[in-house]
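Letters A, B, C and D name the chains as they come in the text, with residue numbers starting at 1 for each one.
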Amino acid sequence: MASVKLTGVKKIYDNKVVAVHDFDLDIHDKEFVVFVGPSGCGKSTTLRMIAGLEDISEGTVEIDGEVVNDLQPKDRGIAMVFQNYALYPHMSVYDNIAFSLRLKKVPEDVVYERVTNAAAILGITEYLMRKPRALSGGQRQRVAIGRAMVRDSKVFLMDEPLSNLDAKLRNQMRAEIILLRQKLDTTFIYVTHDQTEAMTLGDRIVIMKDGYIMQVGTPTEVFEMPHNLFVAEFIGAPKMNIIKTNLLREGDKYFVTPFGSKLPVNGEKGKMLLEKNAPAGEILLGVRPEHMMLGGEGETAIECSLVVNEMMGSEFHLHVDTADGSRLIVRVPTIDLDAEGRGALVAGQKLSITFEGKAMHFFDPATENNLLV
Amino acid sequence: MKKLFAILLALSMLLSMSVFASASSEIAGTYDVTIWAPDAAVDLTKSQVEAFNSSNEMGIVINATVEPVSEADAASNMILDVSAGADLYFFAQDQLSRLIQANALTKLGQGAAAFVKDNNSAGSVLAAQAGEDYYAYPLTADNGYFMYYDKSVVPEEDVDSLEAIIADCEAAGKNFSFELENAWYNAGFFFGTGCHSDWITDDAGNFIAIDDDFNSDAGLIAAKGIYKLVSSPIYVNSGNADFASGSAVVVTGTWNYATILEQLGDNFGVADLPSFEVDGAEYHIGSYSGCKLLGVKPQEDAVKGAALNQLAQFLTNKDCQIQRTVEFGWGPANKEAVQDEAVASNPALTALAEQSNYAIPQPNIHGSWWDIAKVITTDVKATDGSDDALKAALQKYEDSIAAVFEMTDEVRNAFTLIGTVGGTNWDTDLPMTAEGDIWTSNEAYEMEAGTEFKCRQGKAWDTAYPADNFVVETAGTYYVQLDAASGEVSLVPAA
Amino acid sequence: MKHYSDLEFLRLSKGQRFVYKLTAFFCGIPRAIGRLFIKIWSLIKGAFLAIGREIGDVCSTFKNGDWKTKTSFLVMGFGSFARGQILRGVLFLLFEVVFIGYMFIAGGHWLSLLPSLGKEGPSSEYNAVLDTYVTAYHDNSFKILLYGVLTIFFIIAFIYTWRVNVKQNKISEQILKSGKKLKGSKDDLRSMVDENFHATLLALPMTGIMVFTVMPIVFMVLVAFTNYDGAHNGFSNNLFTWVGLDNFNTLLSWSGGNGGGQSYSATFGEILTWTLIWAFLATFTNYFLGMGVAMMINKKGIRLKKMWRTILVMTVAIPQFISLLYVGKMFARNGLINLSLMDLGWIKQPLPFWEDPTWARISVIAINIWVGIPYLMLITTGILMNIPADLYESARIDGANAWQQYRKITLPYMLFITGPYLLTSFTGNMNNFNVIYLLTGGAPTNPAASGAAGSVGYTDLLITWLFKITTGAESQYYLASVVGIMVFVVVAFISLVVYNVLPSIKNEEDYQ
Amino acid sequence: MNEKRHMGLKTLNRVSNTSIYILLVIISVIWLLPFIFIVLQSFRVESTYQVGYVIPKQWGWQNYINLWNSDFKRWYLNTFIIALAAAVLITIIQLCMSYTLSRFRFKLRGPLMRFMLILGMFPGMLTMIILYRVLSDLGLTQANAVPGLILVSVASSGMGYYVSKGFFDTIPKSLDEAARVDGATRFQVLYKIILPLAKPIVIYTILTAFMGPWGDFVFARYVAFGTSSGYNVAVGMYSWLTNDQIARMYTTFCAGGVIVAVPVTILFLCLQKYYVEGVTGGAVKG
């Protein structure tokens, strides 16, 4: 049972640099929250403030309703996994995992049981007598997790635990973390710069930039309804195409006019614009590459020429230039194209693309906020 | 003469005996005493202290710790920290005034002073004296130098001529070691041509003036003599026993006697210093003759002080001095000990005695003089030997001396009288003495009407009174008096 | 100076670039100095502002505090007692009691004598009965200055502690007001190995540094303003006293002064010049030759690497006073080298290794190379091995020969990494007492510079000169202090300029 | 063509390697000769002063016997005690200092380091007199010079924290943090995590602290002045090479040099690896 509550948390360094601004967040018991953002956005700092490794300049951190600002890390009931594993090089795997238990003066037979249990869960039983330097990256990561596991903590903190692993191992470990979470059934706070990890792991995602929270929401929420341009571009790969264009209103109908075309904002999004009574004028239009389609005719077609064609296996990423030289990316599932269509995808090929209203995101060019939120 | 002397001696002994007879009961006791003696003399000193313990009739028992500290280090160490210094220490006489200034030597009482004056040679008595008072006990009078030579290189008939010796050495490709880049040695050339350099101290041991004529015609002759040697390729600036390392002549003292005897064996030769020839005249190289002294640290406890003085007198008495001669060839300062057979049979001491005819008792010398005067050699060596160049070197020496002297606070702060007074003509500073702010000339001078003078501070014109020259209105014999606070100058008729 | 953009710079010829960089470097120096002064100024301003703030805070604490707090202004630790923090209370009170006791018993006495440094020196009195003189010691300037300085340190410490005591009260009040509990004595003790572990760890070393480094330096800086020497000290008939800036005048004025026919300032200038030349040569000859040896040993295909290294490193182990004294004697006029060369008939005259100024200077630098190469070999070996091999591989593919590889890759890399080391090594060599003192003792004598401040030699560094002044005939401690302060000024100046101008020396976090 | 080029490279390499070998041999000889000379002269008994040859004409132990009969034993013991105490205490002090400055970020850290940097710019020689007087007031001079010298060398050793701080900086901070999260106090972090990892630097510090006192003669001479029983080897042996003693004591000095150098050198060679690590690390960190 552990909730974590951050109220107005601020981090100001000695040189007056503010790393985290008024951070407010309620993390429920057993929730898996991911802090995500580019490097330097303050996500790690926030996590370390929760852990007690950084002083909290202002505001309070509560764990289970208790203010822990002045508590030492060891008294906060947390466990943490570090980016570079932070295994004690001079201790065997067994001693590494047992370290915290021994500090607590847990009887040696209990230590044995807990350590071997954790090792069994993580599949590292055969390495228990080895020193960390004799382990591979993935194994080290497991040891680090094992060390956190045996602490029986209320909150499990992970600071970019997968970023030192290669892509394949990362996918595998990601799945294992999901399993681990099911087994441990406790509160997780996970920091990463990788949006895929964030999307796949998190119950909720906290997207941060320059010390500010940009958006908090479930993976679906942040994907479907990014609150601002930053979140829109950060979530999803390849990143969202942003087109500077105009929003037209003709009676109850809205249109956008990218690159000389005129596309109706149909469906849900049109209704929402209407509800908001959005004024016509210049906007930033966001369309995810996977929501762009080849084809379209007349006013709804945007003419462009193919520059690069990346074959990704299940899909093509087409980099195209429009008439005014803007670069767009279009994701086309391989299965949608026949052999002839694939053969036609060579550099210089003229294409026309289009997209539907439900795929559109509208941002105010001045505030960069989503017009619909 | 001799009889008179003996009577005086007996009288003074009696006097001191009577003084101590009444005090001896108070002196009795056991004292922890630290003694600094040169490495070689440590064991002998210990046994002499034992002898004192068993022989003195005053009930003094000395519990002595004898540490090996060379005479050169002893003074520096004492000045660094008198409180931690030795109670009794051997030191070289040139350190006397430094030690007095640093309050590291106790003034001798009347009995002790009489003991020093009566028993020791004139030079060594002088060495223990500052102003009217005595501060130390002469230990040796052998701190001089003479010449050791290798008979296989320098034939005996050549030893009187510097030129001949140089020629012999050059012919044999052997060196001539003479530590002339040390003022103690190079001054010998100047003394040989009749120059002198004396420092004058007041009663408190402060230097107040220098009387020096190295920069003179006679000095020039000396410089030429130095040049003769240092310009030769066989010259080595060293006072070590260098016979094993290429030297055939070494100018050094008694302390190297044993080593050199061992190095030369059958070829051992020793003589007084040679003469050098300039413009047809012969000049015998002179030297310093110095003493080693035994000093007593000032004591807060009068009884211990008295006991230490007793011990010091014992350690510097005739028998102890002769023992040192026998053990390590130190030449005694005690007048009777000099006559002793043990001393007379030592060839080094004989050579020293011969050289002593040309030696000058080493006076108290301002510490920085050594550094300034040793430079003469380097400077002379750098010249081409011409008169002008040598004169320039001597002029530089003189300037340096003057400058150093001005450096001392006493001089910098002192007022002097300068003008047409006392037969001078604005060229000589006449001393004045202060009592508080009132400075009075040391002498009364006969002055005619119209005599002009000023009182200036630090022999410079920055501070000088009165602003315009003082003009004497009425002829007479006056002391000059200056109130340094107001700058007022007045004449005080001599009584 | 014209400032070029990056693209303009790239169009310059090699020579122009060099000139441009050089001017940029030297134009940077005034700015660096300017920045330094601004920094100092802002530091001073900051200090005054901070004091003002502290006083303001003390006043407001008094005004707003409760009676416990107010009592604590007089009775330190009272507030802590009253609020149940016994340990803190006891410590505060104990400190106050000790302080007041000390001030009454001794501190006040020393402090009152500090302005005059004592009036009455030792006196000597004749005891007619024993026919001996008895000495009585009165004031001792040295002790007055020493204990005066210590007392001032103590007062500062007391004021600081008092301030902490006041602050404690304020904080405690706030904590209690917000309804929380204060830390008890047990928590205080426990925090010493946890939150405040750094204070525990630093307590001992810093005490040592304060007493045995800071206090002596403060003392010796003060000595520069007195006439403390062999004839004016705590035991001599003349006590020493304050003389203001006289000693600085003596050292820096161009007229009069030193006995050797030249002023102190000229002597100081000569020694400083040689010190800088020496430091430069000693640093860079060692650096490049050490690097050379390291590269030879590390070259691919050279065997017995470990043996070569061990031979050189062995010399590091032998105490310098043995190796340097021995080597110094070896090169002496009647030393092994000269004697055997003469025996062999190769030379007629002994070579003047230590007699001729130029020979002596070259000799000390050469022997310093002998001393220094092993260290440099070790240091550079480590760094050389860290240079990524692919840099060399790509250079070789680009057609660079061995020399070009060294010039373009090894050297820039080494200089970048060892920049800070070179600086410390330079200042270290400026103060390299051992090599000079053990080899030559400063010899040969420089006649023009020798005089009242002792004999000065051609190989004397400022630091050996300082030593000679201290231990010389006159024991002019005051002059030694002034020279010491000058050494500090020179070293600090060079360090600051280099720190501010060199790009590779950034703050320490960059290396972490 | 290819073959030829190959051969060319190989010969070139052989030529350059050979010349390097020659150079290295010359260097080794230059570096070792003085020490060989010392050893040889320490066995020379036909004369005690400097001579123009290296191989003794008459071999013997006389110089070592002289040593045994002089105060050298005492000096050696003094130095050994100082070195041992300094090695233990200086290591503790320096580790405290460097660990703190490497690991903790507290308010006074920056000013403290700058302050010590500035302090380090004052020549240490300057404070000799006052340190002597302080020791003298504490009664730790002359016969008690040994504890006095230990006190002074230990007390200001905190200033020499740079090298070991450089080493600590290379130990990842996340290890500390992990241990703290695991429940260790700061002290336990130091004791259980950092110290075991810092073995090389600990040994380096011990080694340098141990070697220092063998060469200290300037300050030691001040502190022990005039009291042979308080000398260390350097002070005692230094006087043997002064002008009035060198003719008598030169070969004894050589013998003393051998006795001092041999154990230190052996110790040093055994721990060479750590010394190299320390020196290398320290220099790069500055």
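We take it that a residue touches a chain if its C-beta (ideal position, glycine included) is under 8 Å from a C-beta of that chain, and two chains touch if they have at least 3 such contacts.
The shown structure was predicted, so the numbers you read here are calculated from the model rather than taken from an experiment.
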Most central chain by CA mean?
C
Report which of B-D and B-C is connected by more C-beta pairs in contact.
B-C
How many Å are there between the centre of subunit B and the centre of subunit D, using C-alpha atoms for each centre?
44
Averaging over Cα atoms per chain, report the distance between subunit A and subunit B in Å.
93
Rounded Å distance, subunit B centre to subunit C centre (Cα mean)
41
So, what's the distance in Å between the C-alpha centres of subunit C and subunit A?
53
By the touch definition above, subunit D meets two or more other chains at residues 50-52, 129, 133, 185, 246
Multi-chain touching residues of subunit B, meaning two or more other chains, are 80-81, 83, 240, 245-246
Each of the following residues of subunit A touches two or more other chains, namely 72
Which two-chain combinations qualify as touching?
A-D, B-C, B-D, C-D
Of all residues in subunit C, those that touch subunit B in their complex
121-122, 124, 126-127, 129-137, 227, 230-231, 233, 235-238, 256-261, 333-334, 339, 342, 348-350, 355, 444-445, 447, 450-452, 454-455, 471-475
Listed in rising order, subunit D residues that touch subunit A in their complex are 172, 174-175, 177-185, 188, 192-193, 196-197
Interface with subunit B, subunit D side, in the complex: residues 47, 49-52, 129, 132-133, 136, 141-142, 222, 225-228, 239, 242-248
Seen from subunit B, its contact residues with subunit C in the complex are 16, 19-20, 22-23, 26-27, 76, 79-83, 98, 101-104, 106-112, 173, 181, 204, 233, 236-238, 240, 242, 245-247, 298-303, 305-306, 309, 367-368, 370-372, 374-375, 378-379, 396, 399-401, 403-404, 406-407, 409
Under the definition above, what is the set of subunit B residues touching subunit D in their complex?
34, 36, 39, 67-70, 73-74, 77, 80-81, 83-86, 239-241, 244-246, 255-256, 259, 263
